[in-house]
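Beneath this line is the structure, given in structure tokens, with notes to follow.
Chains: A, B, C, D and E, in written order; residue numbering restarts at 1 for each.
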């Protein structure tokens, strides 16, 4: 019986990928949850097929359930038609292990000789806009995004997207990071819409953004109601709470 | 003299298992202690034979005693007649090591080519009911439990049961988790009864639940008396305590 | 030059043991310091010869001195005549390393094909009695102690004695634990006397307990005096102390 | 797929270095940011070419961006004409890993048979002067700097420069450390100018320090304005702040 | 490029030692700094030659400078004439690594087949005297020191000296520890003088203690002045300080 201690930190367990020189995208939870929201939208709209998982003994010991079925927390989907592979994560990756996880993904991805590796992420700013920024590991990658999205002039990219960029540099792969401007860690559907629009421009995905806009409006309506209720609650504090005042 | 450092994190020390393609069940302490209570009841009622232990250098350094005899903290029992193997734990498994323990168990179990791996666990809710929920790692496993118990629609399974489910997914085994609805970490004999009933429905064990019901009533009577005594004590606080009031 | 990192966690450095199938006893500091007191008494009364040491890179970096000579903190003694080996520790073993230490001892002991491995320990209770309890890893071991000492019905044995019991179970050795009832961590000569009497009954050592009783009376006299002095001191608190009252 | 755990702690990923027996310099963030400022100035003024990176799994998981392009946090530049190699770091190296990083650099550098290894650093004092101090690993190195800069009589050099000095000693390389006197961790352009002047004297670089002086004046003007604004702000504290006074 | 992770914890980097069966002494910072003071005095007075260093990746990342030259923090000196080797440390060794450091030293020393290994250290007591105590790992070593210094009857020796004693025991070397009685961690030149006198008696070094006595008087004069100044300062506290009173 082999010892668990010998198990690699990060394992990619995947079926054979049919795509040739695919674009490989990563959607991990981060600022505005943009990585997740956009990746999930692509998976749904492009009807991508589940084809594997990323597992790690460094992940928290939990199983994730959808409709009674256990899913791995980090899953791989493919659209052979679009020559596209997406790695989607349900769980935030602790910074301590993001290097291991990002490195494991790039080592696996390299075998597929990807055309490029694209990280979807958020960029926290204090502004009101929802610009989309991009960065690349090579001049060639930079040319590709120029004109379509803003260049991320100076700064840092943290977490799994940052590690994937560094590892692409180390392994000679073309890495691209698409960052949606957002205001913090809360899910930001508006910023996600702008990233999806950028994906349409960059990759010709021709995705309908209507359903996303409707969902965004729905969420905004709910948040508005909630804030009104909280406003009233703050005006008339409950007796119970004032007892401790 | 070999060094202890070379010892695997988790060892399964077992006699030859006679069952062919057994059902392998795990009963670990958790919410409502349901995993333990139900596993112990099955072991007793099906007159299962001890046939091994799970040991780990990550376990706390304690020996557990029953009637003067040392037992390992995590033990394996078999009923060759029922084609059933149960792994029973006296000790709660620290989340930090649950991945190692669950992984070691699945690696050992895989050699036995089990029909399915069943984790018995509790599901903490705020309700008054004692529903029994189920989850599976495959559509095939899901079909098996559908109709007999509720499907656990969305959520997470933590600890050793969660790890066992993930590892079944990784190793291509059919994993099933049976979760009794309970209200917290205290032993819940009523929820356990419902899980035993579900075992009867799912596996045709035909177990008599009378002794369990009598035990539950006994416990409830004791808890009721205890709460009355505490109620009186609270009504007339002792002088000593009021001195600090 | 070999690297210290390659050194095993626990090393037994011993001369050739002459005893055939010896009884191997362990006396480690614990409740009532009974393990130490009894082991030291056996070593002295049976005129046992020093024949080795247990060392570990996990031990604290201290040298222990008796009359100018450095001794290892954990030492091995042998009486070839009595077919007896005793492992005696001056230092409490941190729970974090007790598994390594107990495991290293059992692996070494196994080579000697011991008749049985006996751990001397204390059992903390709230009672006034000094009963002696026993536990074993096998029915055979249990038969041996039955009638001579009480059976330890249910509970746990912690620390090195607990680990030694578990490891005996894992390696198929007969492990016996003799526990003197005591009230806490302070040295308990009265409880130790009862354990020595039990050793006489179980192993026919025929040890004179007079010197131990005299020593116990001496200690009790000292403690009595000390408590009277403290009592007077408490009645007339010093000015310095009351300044902070 | 090789496991990330097998990856060395520190990797140098570099093109072939053309220089023969080069001078290898290190510029890491430290007191007065002198290491960085001077190294960056040399790279710019001598028009040095990027030729590699130092990477480590111990570095923080961030990618660093300049004008949309990802750069490694620690980069190598070469001027074949000047027989000069510079290792430049954008990130402060945590003391915990500075030994690994410095050691990895010296092991790589040794292969190039460098004439000498020069660490650029700052020396925090309470004085107003901007003296430049030097230290060396050999009498030969000391002779080289004597007369040009002050000798660092007694004290310690910490961080990567200190490790590089120790490792040069261990590997028989000539190590030299050039330390600009400064008052703390803030960027100190005046101290950096003095270090550049010392480089001119020691290595005949003949660098124009005009641009550096203009930049220093610019920074000082900005800091002066800022301190006046703060001074006014302190004289007239805002209402909001005084509410908490 | 070999990985730093493969580097041994402790390395001794030394020239060929000319002495045959030398006495090897260790002077590490400890109580009263006696180990350092005495070792340094022997190195100076016996005109010992530097011949190596002890290095460890567990040492703090600092380079130590004397007159512009980098020295390793732990250095080896030899007097072939006196058949004497001294290991001298500028840095206190953290208890966590003292086992590694002491072990590495003894493993290296063993190759030289030393006549004996002598640790110079301090022993903190509450007394006013400056007795010199000794301990040994063997009866033979004890005979050597008896009559010349007091026997350290019972107690413990901590840190590198304690580890060296234990390791001498493990490796069958004669270990001797010479401890100067002192009152705490501050440098104690008077206690050091007594240890040097003991060295004269034990090893016939015939060292002049005049310079040491003069230095001690100088230090005492300075401390006396300092304490008078502090006394005056305490009598007339500064205005600034009383503002916070």
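In this section, a residue touches a chain if its C-beta (ideal position, glycine included) is under 8 Å from a C-beta of that chain, and two chains touch if they have at least 3 such contacts.
Everything quoted here is computed from the prediction, not taken from an experiment.
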Through how few touching steps can chain C be joined to chain D? 2
Nearest whole angstrom, what separates the Cα centre of chain C from the Cα centre of chain E? 36
List, in ascending order, every residue of chain E touching at least 2 other chains. none
Are the chains arranged, by touching, as a line, ring, star, complete graph, or other? ring
Ring order from chain B through chain C is B, C, E, D, A
The answer for chain C against chain B in the complex is residues 8-10, 12, 95, 98-100, 102-104, 107-108, 111, 134-139, 142, 145, 151-163, 165-166, 168-170, 175, 177
Which residues of chain E touch chain D in the complex? 1-5, 7, 11, 13, 53, 55, 57, 60-70, 72
